[in-house]
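Letters are used for the chains, namely A, B, C, D, E and F, taken in the order the chains are written, and counting of residues starts over at 1 for each.
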Amino acid sequence: MPIIEMHFLEGRSLEDKARVAEKVTAAVVEALDCSPSTVRILITEHKHGEFYVAGKAGRASDQAAGNMPGQ
Amino acid sequence: MPIIEMHFLEGRSLEDKARVAEKVTAAVVEALDCSPSTVRILITEHKHGEFYVAGKAGRASDQAAGNMPGQ
Amino acid sequence: MPIIEMHFLEGRSLEDKARVAEKVTAAVVEALDCSPSTVRILITEHKHGEFYVAGKAGRASDQAAGNMPGQ
Amino acid sequence: MPIIEMHFLEGRSLEDKARVAEKVTAAVVEALDCSPSTVRILITEHKHGEFYVAGKAGRASDQAAGNMPGQ
Amino acid sequence: MPIIEMHFLEGRSLEDKARVAEKVTAAVVEALDCSPSTVRILITEHKHGEFYVAGKAGRASDQAAGNMPGQ
Amino acid sequence: MPIIEMHFLEGRSLEDKARVAEKVTAAVVEALDCSPSTVRILITEHKHGEFYVAGKAGRASDQAAGNMPGQ
(Lines give C-alpha, C1' and ligand atoms only; values in the text may rest on other atoms or scores of the structure.)
Protein backbone atom coordinates (compact mmCIF):
# COMPACT_ATOMS: atom_id res chain seq x y z
CA MET A 1 0.00 0.00 0.00
CA PRO A 2 2.86 2.41 -0.46
CA ILE A 3 1.94 5.93 -1.49
CA ILE A 4 4.76 7.84 -3.15
CA GLU A 5 4.88 11.56 -3.82
CA MET A 6 7.50 12.75 -6.28
CA HIS A 7 8.49 16.38 -6.66
CA PHE A 8 10.64 17.72 -9.47
CA LEU A 9 11.13 20.75 -11.64
CA GLU A 10 8.78 21.38 -14.55
CA GLY A 11 10.00 20.34 -17.95
CA ARG A 12 9.71 16.58 -18.06
CA SER A 13 7.78 14.97 -20.91
CA LEU A 14 4.79 12.72 -20.42
CA GLU A 15 7.05 9.85 -21.46
CA ASP A 16 9.59 10.74 -18.75
CA LYS A 17 6.87 10.76 -16.13
CA ALA A 18 5.39 7.46 -17.28
CA ARG A 19 8.84 5.88 -17.32
CA VAL A 20 9.81 7.06 -13.85
CA ALA A 21 6.43 5.92 -12.48
CA GLU A 22 6.82 2.50 -14.05
CA LYS A 23 10.40 2.02 -12.83
CA VAL A 24 9.72 3.33 -9.32
CA THR A 25 6.68 1.06 -9.02
CA ALA A 26 8.81 -1.94 -10.04
CA ALA A 27 11.52 -0.93 -7.55
CA VAL A 28 9.03 -0.67 -4.70
CA VAL A 29 7.35 -3.97 -5.58
CA GLU A 30 10.70 -5.76 -5.66
CA ALA A 31 12.11 -4.15 -2.52
CA LEU A 32 9.00 -4.41 -0.36
CA ASP A 33 7.55 -7.59 -1.88
CA CYS A 34 4.11 -6.05 -2.32
CA SER A 35 1.52 -6.20 -5.08
CA PRO A 36 1.86 -3.60 -7.88
CA SER A 37 -1.82 -2.73 -7.44
CA THR A 38 -1.09 -1.35 -3.97
CA VAL A 39 1.48 1.18 -5.23
CA ARG A 40 0.21 4.71 -5.92
CA ILE A 41 2.42 7.51 -7.24
CA LEU A 42 1.64 11.21 -7.25
CA ILE A 43 3.86 13.58 -9.23
CA THR A 44 4.00 17.30 -8.50
CA GLU A 45 5.98 19.50 -10.88
CA HIS A 46 7.34 22.75 -9.55
CA LYS A 47 7.80 25.76 -11.81
CA HIS A 48 10.97 27.79 -11.93
CA GLY A 49 11.03 29.82 -8.74
CA GLU A 50 9.35 27.09 -6.73
CA PHE A 51 12.36 24.93 -5.90
CA TYR A 52 15.37 26.20 -3.95
CA VAL A 53 18.66 24.77 -2.74
CA ALA A 54 20.70 26.90 -0.33
CA GLY A 55 18.18 29.67 -1.00
CA LYS A 56 18.87 29.72 -4.76
CA ALA A 57 16.31 28.72 -7.37
CA GLY A 58 17.05 25.49 -9.24
CA ARG A 59 16.71 25.35 -13.02
CA ALA A 60 15.61 22.50 -15.24
CA SER A 61 18.95 22.63 -17.01
CA ASP A 62 20.66 21.75 -13.72
CA GLN A 63 18.76 18.53 -13.34
CA ALA A 64 20.62 16.12 -15.57
CA ALA A 65 24.01 17.59 -14.81
CA GLY A 66 23.46 17.50 -11.08
CA ASN A 67 25.07 20.92 -10.80
CA MET A 68 22.49 22.49 -8.58
CA PRO A 69 23.84 25.12 -6.24
CA GLY A 70 25.10 23.49 -3.10
CA GLN A 71 25.61 20.05 -4.53
CA MET B 1 -6.23 22.38 14.17
CA PRO B 2 -6.35 19.65 11.56
CA ILE B 3 -4.62 20.34 8.26
CA ILE B 4 -5.85 18.24 5.38
CA GLU B 5 -4.20 17.84 2.00
CA MET B 6 -6.34 16.37 -0.76
CA HIS B 7 -4.92 15.08 -4.03
CA PHE B 8 -7.00 14.14 -7.03
CA LEU B 9 -6.92 14.17 -10.80
CA GLU B 10 -7.54 17.40 -12.68
CA GLY B 11 -11.02 17.93 -14.02
CA ARG B 12 -13.16 18.81 -11.03
CA SER B 13 -15.22 22.00 -11.15
CA LEU B 14 -14.90 24.82 -8.65
CA GLU B 15 -18.27 23.68 -7.29
CA ASP B 16 -16.99 20.13 -6.78
CA LYS B 17 -14.00 21.45 -4.87
CA ALA B 18 -16.08 23.77 -2.70
CA ARG B 19 -18.52 20.95 -1.94
CA VAL B 20 -15.86 18.42 -1.00
CA ALA B 21 -14.12 21.03 1.19
CA GLU B 22 -17.37 21.88 2.95
CA LYS B 23 -18.35 18.25 3.53
CA VAL B 24 -14.89 17.15 4.65
CA THR B 25 -14.69 20.09 7.06
CA ALA B 26 -18.05 19.09 8.56
CA ALA B 27 -16.94 15.45 8.82
CA VAL B 28 -13.74 16.43 10.64
CA VAL B 29 -15.54 18.80 13.00
CA GLU B 30 -18.08 16.13 13.90
CA ALA B 31 -15.60 13.28 14.27
CA LEU B 32 -12.91 15.18 16.18
CA ASP B 33 -15.18 17.61 18.03
CA CYS B 34 -13.10 20.63 17.02
CA SER B 35 -13.97 24.14 15.90
CA PRO B 36 -14.53 24.62 12.14
CA SER B 37 -12.14 27.57 12.22
CA THR B 38 -9.26 25.22 13.06
CA VAL B 39 -9.74 23.09 9.92
CA ARG B 40 -7.64 23.95 6.89
CA ILE B 41 -7.86 22.12 3.56
CA LEU B 42 -5.37 22.24 0.72
CA ILE B 43 -6.31 20.73 -2.65
CA THR B 44 -3.70 19.72 -5.21
CA GLU B 45 -4.91 18.63 -8.62
CA HIS B 46 -2.69 16.35 -10.63
CA LYS B 47 -2.66 16.44 -14.43
CA HIS B 48 -2.95 13.34 -16.56
CA GLY B 49 0.41 11.61 -16.32
CA GLU B 50 0.92 12.67 -12.71
CA PHE B 51 -1.06 9.97 -10.93
CA TYR B 52 -0.27 6.26 -11.22
CA VAL B 53 -1.70 3.03 -9.85
CA ALA B 54 0.33 -0.13 -10.42
CA GLY B 55 2.57 1.96 -12.67
CA LYS B 56 -0.28 2.93 -15.02
CA ALA B 57 -1.58 6.49 -15.38
CA GLY B 58 -5.06 7.12 -14.01
CA ARG B 59 -7.58 9.05 -16.09
CA ALA B 60 -10.29 11.44 -14.95
CA SER B 61 -12.87 9.19 -16.58
CA ASP B 62 -11.88 6.41 -14.18
CA GLN B 63 -12.66 8.46 -11.13
CA ALA B 64 -16.41 8.12 -10.78
CA ALA B 65 -16.50 4.54 -11.98
CA GLY B 66 -13.75 3.45 -9.66
CA ASN B 67 -12.24 1.37 -12.44
CA MET B 68 -8.67 2.49 -12.03
CA PRO B 69 -6.12 -0.11 -12.98
CA GLY B 70 -5.37 -2.29 -10.01
CA GLN B 71 -8.60 -1.72 -8.17
CA MET C 1 -8.75 8.03 -6.57
CA PRO C 2 -8.46 10.78 -4.01
CA ILE C 3 -5.53 10.57 -1.63
CA ILE C 4 -6.00 12.49 1.59
CA GLU C 5 -3.33 13.35 4.14
CA MET C 6 -4.53 14.46 7.54
CA HIS C 7 -2.28 16.13 10.10
CA PHE C 8 -3.23 16.74 13.70
CA LEU C 9 -1.76 16.88 17.17
CA GLU C 10 -1.02 13.67 19.02
CA GLY C 11 -3.57 12.54 21.55
CA ARG C 12 -6.45 11.14 19.51
CA SER C 13 -7.66 7.61 20.28
CA LEU C 14 -7.74 4.81 17.73
CA GLU C 15 -11.53 5.21 17.76
CA ASP C 16 -11.24 8.93 16.94
CA LYS C 17 -8.98 8.15 14.01
CA ALA C 18 -11.22 5.40 12.69
CA ARG C 19 -14.27 7.64 13.00
CA VAL C 20 -12.69 10.60 11.21
CA ALA C 21 -11.41 8.31 8.44
CA GLU C 22 -14.86 6.77 7.98
CA LYS C 23 -16.66 10.13 7.94
CA VAL C 24 -14.15 11.83 5.66
CA THR C 25 -14.29 8.89 3.24
CA ALA C 26 -18.09 9.16 3.13
CA ALA C 27 -17.88 12.93 2.61
CA VAL C 28 -15.45 12.54 -0.30
CA VAL C 29 -17.50 9.77 -1.92
CA GLU C 30 -20.67 11.85 -1.71
CA ALA C 31 -19.09 15.12 -2.87
CA LEU C 32 -16.99 13.71 -5.70
CA ASP C 33 -19.26 10.81 -6.68
CA CYS C 34 -16.42 8.30 -6.62
CA SER C 35 -16.12 4.74 -5.39
CA PRO C 36 -15.14 4.29 -1.71
CA SER C 37 -12.42 1.86 -2.77
CA THR C 38 -10.57 4.69 -4.53
CA VAL C 39 -10.27 6.81 -1.36
CA ARG C 40 -7.06 6.48 0.64
CA ILE C 41 -6.40 8.37 3.86
CA LEU C 42 -3.05 8.83 5.59
CA ILE C 43 -2.96 10.26 9.11
CA THR C 44 0.17 11.85 10.57
CA GLU C 45 0.11 12.81 14.23
CA HIS C 46 2.43 15.56 15.37
CA LYS C 47 3.86 15.63 18.88
CA HIS C 48 3.80 18.70 21.08
CA GLY C 49 6.44 21.03 19.66
CA GLU C 50 5.77 19.95 16.08
CA PHE C 51 2.78 22.14 15.28
CA TYR C 52 2.87 25.94 15.41
CA VAL C 53 0.44 28.78 14.78
CA ALA C 54 1.86 32.30 14.69
CA GLY C 55 5.15 30.77 15.86
CA LYS C 56 3.60 29.35 19.05
CA ALA C 57 3.26 25.63 19.73
CA GLY C 58 -0.28 24.26 19.73
CA ARG C 59 -1.43 21.96 22.52
CA ALA C 60 -3.84 19.05 22.38
CA SER C 61 -6.04 20.81 24.93
CA ASP C 62 -6.54 23.63 22.43
CA GLN C 63 -8.00 21.35 19.81
CA ALA C 64 -11.60 20.93 20.90
CA ALA C 65 -11.94 24.46 22.16
CA GLY C 66 -10.53 25.98 19.01
CA ASN C 67 -8.55 28.42 21.11
CA MET C 68 -5.23 28.00 19.37
CA PRO C 69 -3.08 31.10 19.38
CA GLY C 70 -3.96 33.24 16.45
CA GLN C 71 -7.45 31.92 15.93
CA MET D 1 19.27 18.39 5.50
CA PRO D 2 15.94 20.05 6.17
CA ILE D 3 13.34 19.78 3.43
CA ILE D 4 10.67 22.44 3.59
CA GLU D 5 7.38 22.47 1.71
CA MET D 6 5.55 25.78 1.55
CA HIS D 7 1.93 26.10 0.47
CA PHE D 8 0.23 29.39 -0.27
CA LEU D 9 -2.39 30.93 -2.50
CA GLU D 10 -1.55 31.77 -6.10
CA GLY D 11 -0.65 35.36 -6.83
CA ARG D 12 2.84 35.86 -5.47
CA SER D 13 5.50 37.25 -7.78
CA LEU D 14 8.73 35.47 -8.61
CA GLU D 15 10.46 38.07 -6.42
CA ASP D 16 8.18 37.25 -3.47
CA LYS D 17 8.97 33.57 -3.83
CA ALA D 18 12.71 34.15 -4.11
CA ARG D 19 12.64 36.44 -1.07
CA VAL D 20 10.68 34.05 1.12
CA ALA D 21 12.95 31.17 0.08
CA GLU D 22 16.06 33.19 0.90
CA LYS D 23 14.77 34.36 4.28
CA VAL D 24 13.40 30.97 5.32
CA THR D 25 16.69 29.32 4.36
CA ALA D 26 18.58 31.83 6.51
CA ALA D 27 16.17 31.28 9.42
CA VAL D 28 16.61 27.50 9.26
CA VAL D 29 20.40 27.74 8.99
CA GLU D 30 20.56 30.03 12.01
CA ALA D 31 18.08 28.10 14.16
CA LEU D 32 19.34 24.60 13.38
CA ASP D 33 23.01 25.46 12.83
CA CYS D 34 23.19 23.58 9.55
CA SER D 35 24.84 24.29 6.21
CA PRO D 36 22.77 26.31 3.69
CA SER D 37 23.51 23.68 1.05
CA THR D 38 21.47 21.13 3.00
CA VAL D 39 18.30 23.22 2.93
CA ARG D 40 15.79 22.50 0.17
CA ILE D 41 12.54 24.39 -0.28
CA LEU D 42 9.58 23.38 -2.41
CA ILE D 43 6.79 25.88 -3.05
CA THR D 44 3.30 24.81 -4.11
CA GLU D 45 0.84 27.52 -5.07
CA HIS D 46 -2.84 26.75 -4.75
CA LYS D 47 -5.40 28.33 -7.05
CA HIS D 48 -8.56 29.97 -5.80
CA GLY D 49 -10.84 27.15 -4.74
CA GLU D 50 -7.96 24.98 -3.55
CA PHE D 51 -7.47 26.43 -0.08
CA TYR D 52 -10.17 26.41 2.60
CA VAL D 53 -10.48 27.60 6.19
CA ALA D 54 -13.60 26.54 8.09
CA GLY D 55 -14.89 25.15 4.79
CA LYS D 56 -14.72 28.56 3.04
CA ALA D 57 -12.34 29.31 0.16
CA GLY D 58 -9.51 31.74 0.94
CA ARG D 59 -8.73 34.58 -1.45
CA ALA D 60 -5.41 36.13 -2.30
CA SER D 61 -6.72 39.48 -1.12
CA ASP D 62 -7.12 38.01 2.37
CA GLN D 63 -3.50 37.09 2.64
CA ALA D 64 -1.82 40.31 3.63
CA ALA D 65 -4.69 41.47 5.79
CA GLY D 66 -4.90 38.20 7.67
CA ASN D 67 -8.68 38.35 7.49
CA MET D 68 -9.30 34.81 6.33
CA PRO D 69 -12.57 33.33 7.53
CA GLY D 70 -12.09 31.76 10.91
CA GLN D 71 -9.09 33.78 11.92
CA MET E 1 16.80 17.26 -7.82
CA PRO E 2 13.85 14.95 -7.27
CA ILE E 3 12.44 14.80 -3.75
CA ILE E 4 10.49 11.67 -3.01
CA GLU E 5 8.21 11.07 -0.05
CA MET E 6 7.25 7.46 0.64
CA HIS E 7 4.43 6.48 2.98
CA PHE E 8 3.78 2.96 4.16
CA LEU E 9 2.53 1.02 7.17
CA GLU E 10 4.80 0.49 10.14
CA GLY E 11 6.56 -2.83 10.35
CA ARG E 12 9.34 -2.67 7.78
CA SER E 13 12.90 -3.41 8.90
CA LEU E 14 15.79 -1.01 8.54
CA GLU E 15 17.05 -3.31 5.76
CA ASP E 16 13.74 -3.07 3.90
CA LYS E 17 13.87 0.71 4.08
CA ALA E 18 17.47 0.88 2.93
CA ARG E 19 16.75 -1.49 0.05
CA VAL E 20 13.68 0.39 -1.17
CA ALA E 21 15.57 3.70 -0.94
CA GLU E 22 18.48 2.30 -2.92
CA LYS E 23 16.29 0.76 -5.62
CA VAL E 24 14.01 3.77 -5.95
CA THR E 25 17.02 6.08 -6.23
CA ALA E 26 18.44 3.91 -9.01
CA ALA E 27 15.06 3.86 -10.79
CA VAL E 28 14.78 7.65 -10.66
CA VAL E 29 18.36 8.18 -11.84
CA GLU E 30 17.83 5.84 -14.79
CA ALA E 31 14.41 7.17 -15.77
CA LEU E 32 15.16 10.88 -15.39
CA ASP E 33 18.86 10.78 -16.29
CA CYS E 34 19.87 12.79 -13.22
CA SER E 35 22.74 12.55 -10.78
CA PRO E 36 22.19 10.25 -7.75
CA SER E 37 23.35 13.08 -5.48
CA THR E 38 20.27 15.09 -6.44
CA VAL E 39 17.81 12.43 -5.28
CA ARG E 40 16.43 12.75 -1.73
CA ILE E 41 14.00 10.26 -0.19
CA LEU E 42 11.90 10.77 2.92
CA ILE E 43 10.10 7.80 4.45
CA THR E 44 7.12 8.20 6.77
CA GLU E 45 5.77 5.10 8.47
CA HIS E 46 2.15 5.13 9.57
CA LYS E 47 0.97 3.15 12.59
CA HIS E 48 -2.05 0.89 12.52
CA GLY E 49 -5.06 3.17 12.51
CA GLU E 50 -3.30 5.81 10.40
CA PHE E 51 -3.86 4.36 6.93
CA TYR E 52 -7.30 3.74 5.46
CA VAL E 53 -8.68 2.39 2.21
CA ALA E 54 -12.43 2.74 1.63
CA GLY E 55 -12.64 3.96 5.23
CA LYS E 56 -11.18 0.73 6.65
CA ALA E 57 -7.80 0.57 8.41
CA GLY E 58 -5.09 -1.29 6.53
CA ARG E 59 -2.91 -3.84 8.35
CA ALA E 60 0.73 -4.68 7.83
CA SER E 61 -0.27 -8.27 7.05
CA ASP E 62 -2.21 -6.99 4.04
CA GLN E 63 0.82 -5.39 2.47
CA ALA E 64 2.59 -8.28 0.80
CA ALA E 65 -0.61 -10.04 -0.21
CA GLY E 66 -2.12 -6.95 -1.71
CA ASN E 67 -5.47 -7.83 -0.17
CA MET E 68 -6.27 -4.44 1.30
CA PRO E 69 -9.95 -3.66 1.50
CA GLY E 70 -11.12 -2.17 -1.74
CA GLN E 71 -8.39 -3.59 -3.89
CA MET F 1 -2.27 31.71 5.12
CA PRO F 2 0.98 29.93 4.40
CA ILE F 3 1.22 26.33 5.55
CA ILE F 4 4.76 25.08 5.98
CA GLU F 5 5.85 21.49 6.40
CA MET F 6 9.38 20.94 7.68
CA HIS F 7 11.14 17.59 7.54
CA PHE F 8 14.38 16.81 9.30
CA LEU F 9 16.22 14.00 11.02
CA GLU F 10 15.28 13.04 14.56
CA GLY F 11 17.45 14.41 17.32
CA ARG F 12 16.50 18.07 17.65
CA SER F 13 15.48 19.36 21.07
CA LEU F 14 12.14 20.95 21.82
CA GLU F 15 14.02 24.26 22.05
CA ASP F 16 15.51 23.77 18.57
CA LYS F 17 12.06 23.12 17.14
CA ALA F 18 10.50 26.11 18.88
CA ARG F 19 13.34 28.35 17.71
CA VAL F 20 13.15 27.24 14.08
CA ALA F 21 9.36 27.64 14.10
CA GLU F 22 9.63 31.14 15.55
CA LYS F 23 12.33 32.25 13.11
CA VAL F 24 10.68 30.72 10.05
CA THR F 25 7.36 32.33 10.99
CA ALA F 26 9.07 35.71 11.25
CA ALA F 27 10.83 35.17 7.90
CA VAL F 28 7.55 34.32 6.17
CA VAL F 29 5.70 37.25 7.73
CA GLU F 30 8.43 39.64 6.63
CA ALA F 31 8.86 38.24 3.12
CA LEU F 32 5.18 37.80 2.28
CA ASP F 33 3.81 40.68 4.36
CA CYS F 34 1.15 38.52 5.99
CA SER F 35 -0.22 38.28 9.51
CA PRO F 36 1.62 35.90 11.88
CA SER F 37 -1.69 34.30 12.80
CA THR F 38 -2.03 32.97 9.25
CA VAL F 39 1.24 31.03 9.37
CA ARG F 40 1.05 27.36 10.35
CA ILE F 41 4.09 25.10 10.65
CA LEU F 42 4.11 21.32 10.82
CA ILE F 43 7.33 19.52 11.74
CA THR F 44 7.92 15.86 10.88
CA GLU F 45 11.02 14.20 12.27
CA HIS F 46 12.40 11.23 10.41
CA LYS F 47 14.23 8.44 12.21
CA HIS F 48 17.57 7.08 11.08
CA GLY F 49 16.83 4.98 8.01
CA GLU F 50 14.02 7.26 6.87
CA PHE F 51 16.04 9.93 5.08
CA TYR F 52 18.29 9.20 2.10
CA VAL F 53 20.56 11.19 -0.19
CA ALA F 54 21.92 9.41 -3.27
CA GLY F 55 20.42 6.22 -1.83
CA LYS F 56 22.47 6.45 1.40
CA ALA F 57 20.89 7.04 4.82
CA GLY F 58 21.64 10.42 6.40
CA ARG F 59 22.72 10.62 10.04
CA ALA F 60 21.96 13.30 12.60
CA SER F 61 25.69 13.89 13.00
CA ASP F 62 25.84 14.97 9.35
CA GLN F 63 23.34 17.74 9.83
CA ALA F 64 25.38 20.54 11.30
CA ALA F 65 28.46 19.77 9.26
CA GLY F 66 26.56 19.58 6.00
CA ASN F 67 28.62 16.56 5.02
CA MET F 68 25.76 14.40 3.85
CA PRO F 69 26.66 12.01 1.06
CA GLY F 70 26.30 13.72 -2.26
CA GLN F 71 26.67 17.23 -0.96
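Definition applied: a residue touches a chain if its C-beta (ideal position, glycine included) is under 8 Å from a C-beta of that chain, and two chains touch if they have at least 3 such contacts.
From a predicted model like this one, the values you see are computed outputs, not experimental measurements.
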Starting at chain B, fewest touch steps before arriving at chain F: 1
From chain D, the most remote chain by mean C-alpha position: E
When chain A is superposed on chain C by its C-alpha atoms, the rotation angle in degrees, nearest 5: 180
Chain F against chain E, contact positions shared by both copies (same if over half, else different): different
Chain pair with more C-beta contacts, C-F versus D-E: C-F
Chain at maximum distance from chain A, centres defined as averaged CA atoms: C
Inter-centroid spacing, chain E versus chain A (mean Cα positions, whole Å): 14
Centre distance in Å when chain B and chain E are each reduced to the mean of their C-alpha atoms: 21
Per-residue overlap in chain D, given as positions that touch at least 2 other chains: 1, 3, 7, 22, 26, 37-38, 40, 42, 44, 51, 53, 70-71
In the complex, chain A residues that touch chain C: 1, 3, 40, 42
Residues of chain F that touch chain C when the two form their complex: 14, 17-18, 21-22, 25-26, 36-45
Of chain B, residues touching chain A in the complex: 7, 44, 46, 48-55, 57, 69-71
Chain B - residues contacting chain C, complex: 1-9, 12, 16, 19-20, 22-24, 26-28, 30-35, 37-38, 51, 53, 58, 62-66, 68, 71
